[in-house]
């Protein structure tokens, strides 16, 4: 168990280090998230009424897109430079390694996104009553996105038209998270309870936590053949 | 004691039989040299040995037990070096090596990252981002991986590529030292690494080599 | 001329003489300019007291453009002749220019609230100044984004040169598009169209800003140069 | 001249072939564009009034994001696999090759985007009076985005945090296109002439056409050093 | 007639002097072998020769004219093969080769893609996506590039890596044929490719190699 834990953390560490040094993926995602949200007032015009009305939707769509955007390179570089072969050959179960990579991915993309979201909500003139629920919904929703995304990322390795495939594969799976995420915030904004939606988001998280690492690990083994 | 064998291995890639009915055996302290022209299937066989590919026929045994069925314990026993070097260019030389040593799950006391760097004369580059390495230095970093944490079976795919004479010497003595400790090695190479005893010529098992000859005959 | 100044030791000697001069000029003109602009010049008949924002805003906007031209010019020298001193001048100019740009943006925004009733509009001048600010930021980030310093210097130099087309756009945007922003009234073909009681403090402040730029430039580039020498020394030591 | 032309077309051909076979970049971009626009009604709620109001902005922001998204791999793969060295070493001027790559990039990302945009405008309930101008503005604007993007893509080769850098470098340069693009459509929607904005877009296109290949070629030469 | 020379070349990478005051000359029909341990600067020198890097000091001349100043005509004259193989894995073998032949701008009549494939025994793989190639086949595809369109100067960085014996023979005879046509070759290699006459040992010009020696003396 101790060995597992050590390996687990050192993989997370490496991923984070890579993300910080290289930054192509992680920073890009956060930048992208911010940009989507900042560009909107630019494109739509800065009328506060409209912005307020669409704020929750814009933030969630931006989060979804950023998550999808960061997915396609999750295993790709490891696949191309031979690291994937070696990861498969380590004595640790591949599911565990996938989970570690997913956690690292969430830490470097999902978490910064959550942290920065209140600022963006402010920018979009969201009413303050929605902030808490927005944070909670994102905290429950973004790990789900990361987990679901790994399946897609693993499946497309070596495939032709991988980008296209990826969106086709994982987007439908993302949509429930989007819908419940937005409706949680919208409910809070009109002073309805948003607990049911948050519970559903929690359920989605648990289900994908139990399922996704296995599916991705199987896909990865396939890809290395 | 330890023995690594393959029986009647057949491998298909992309709907083409790469080799068929291939059999090999490596005993304790032995080196098996895989030989054959480009594209004959040396790398394929090594990936098969590593468990990255599955044979369509035949089996691979470690001490008589199927490696596929005991994959988890078997993966503890091997080091694989492929054509790709698994080096992250933004990490330093030492970070690269340490990471793989940690991933091997070997007891930290038994690891020897510093020594491995020393061995392959990379110590002075330890804190350099791997991007700056020359081709040979990259290869040496990749090779250092197998010395940084112990494992009885080494699978090496053309390890001497782009190495200079001195480094080939280091590699050769690393292999000899491993043999003396009772290690097993399978190595695909086009060069002479040492007086060879145990040679497997893959082209004997490849279909496309055989077929035309039979047609002619 | 480039070759003359390209010699680092000569550059160091020259700047050590000029640095105190720049400092003195800065302090005197800025002091006088501030005194004139805050106490001596009249309030505007339309804008009343807010007009005093002009004495901070306008020279900052000028310097933002001036610094960028300096940056682009030294970047061209970096690319063509690969002179180290030009590189150091460019590297030191960028943050100063970014500060001036930020100052122009901030004071403009502050001024815009009472004058136009909004902090920000997406008109051509404001947008192009904002882009200028991002160009400075991009320059600085790009410069430091490489493990090899020379690579960063050259990549950033290319960006600086490309961005120079933004400067005439800033300058002439008010003439080309009708915007909320004031057209040029000082730097014009047919002489300034502004009363001398306002012109004097404005020009004083402009000279003060310019001297300030050179002052900081000398300080920064001297520091860069010594850092460079230390690095070179250390490398030579490491190589035995 | 004949040789140039031959080389030019064969580079364009290769790029298109790569895009079709690999598809990671080009299809991803179009998918992405569609997704941004399709997800919006999902996130914002399908009230036609609001959608109509923000339609031009959403389409332009989506186009901008897609263009940026596709940029970071434009030279990256050539840089990593050594093709860039060889391209620099061909006798043809590098500027020409960059232009060819840009054209191929636009053909595989910008053009499909334009073709699909009326459909998306329909989806967003845009009034039909805006369609023509939207197409014209996109036709003038997306090549500008591709051209400007090449500079960023060339400058970041080998940089740390390249994704972040890319957005920082090229997004500000995209803003004028966005602003004039949106305002052209908005003008048409309220029956004002949108010719001035289109002229500016044309001017931007010409300027970037004249400048960008040179700058990118210089940056590429630096990157290969 | 043709002559390729370098005078007093100094090269700095990452603020480190790789080599200094290096001088070389290659005459018509000559092969220059670059030798030196890993990381001594062979690849760097080849990139310098190709014009991908600029020296901080010294110059490189083709027939007495600076190659930097006549970059456009000079690039017509050379083929460069580096460590990276510039192969697009989704394109077929033939598409890969044809593309580079077209890019060379050489008169289509003078190109010989089919022949080059034949030479390096890749014809049977011509329509296979390059992803399926083995390491040696990839290298051969890369080498076929220099035969597919003619150019007088070849700059080869470890061309024999991962090649089998037969392919090394093909490479050797390709070089000999090129020599006989009056071609010039600079090749960095750790192996013996042919009885070597013209050898440049880079470590003689590297600072870090020299300095300690002088200190000791």
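So that you can tell them apart, the chains are marked A, B, C, D and E in the order they are listed, and the count of residues begins at 1 in each.
Note that in this section contacts are C-beta pairs under 8 Å (C-beta built on N, C-alpha and C of every residue); 3 or more make two chains touch, one makes a residue touch a chain.
Just so we're clear, the structure is a prediction, and the values are computed from it rather than from any experiment.
Least step count on the touch graph, subunit C to subunit E: 1. The chains touching subunit B as well as subunit C are E.
Centroid analysis (C-alpha atoms only) places E farthest from subunit A. Each chain gets a centre from the mean of its Cα atoms; the one farthest from the centre of subunit D is B.
Compare each chain's C-alpha centroid with the centroid of every protein C-alpha atom shown, and the nearest one belongs to D.
Centre to centre, using the average C-alpha position, subunit D and subunit E are separated by 37 Å. Chain centres here are Cα averages; for subunit A and subunit E they lie 46 Å apart. Each chain gets one centre point, the mean of its Cα atoms, and the points for subunit B and subunit E are 29 Å apart. Between subunit A and subunit C, the centres computed from C-alpha atoms are 41 Å apart. Chain contacts: subunit A has residues 21-22, 42, 160 touching two or more partner chains. Residues of subunit E in contact with at least two other chains: 13-14, 83, 90. Each of residues 122, 147 in subunit C touches at least two other chains.
Touching chain pairs in this entry, ordered by label, are A-B, A-D, B-C, B-E, C-D, C-E, D-E.
Of all residues in subunit D, those touching subunit C in their complex are 151, 155-156, 158-162, 164-165, 168-169, 171-173, 175-176, 179, 207, 211, 215, 218-219, 222-223, 225.
Residue ranges of subunit C in contact with subunit D, taken from their complex: 79, 122, 127, 130-131, 134-135, 137-138, 141-142, 145-147, 151-152, 154-155, 158-159, 161-162, 165. If you check the complex, the residues on subunit E that touch subunit D are 47, 50-54, 72-73, 75-76, 78, 80, 82-88, 90-91, 95, 99-100, 102-105.
Contact residues on subunit E toward subunit C in their complex (touch as defined above): 13-17, 207-208, 211-212, 215. The part of subunit A that touches subunit B in the complex is made up of residues 3, 6-7, 10-11, 14, 17-18, 21-22, 80-83, 85-93, 224-225.
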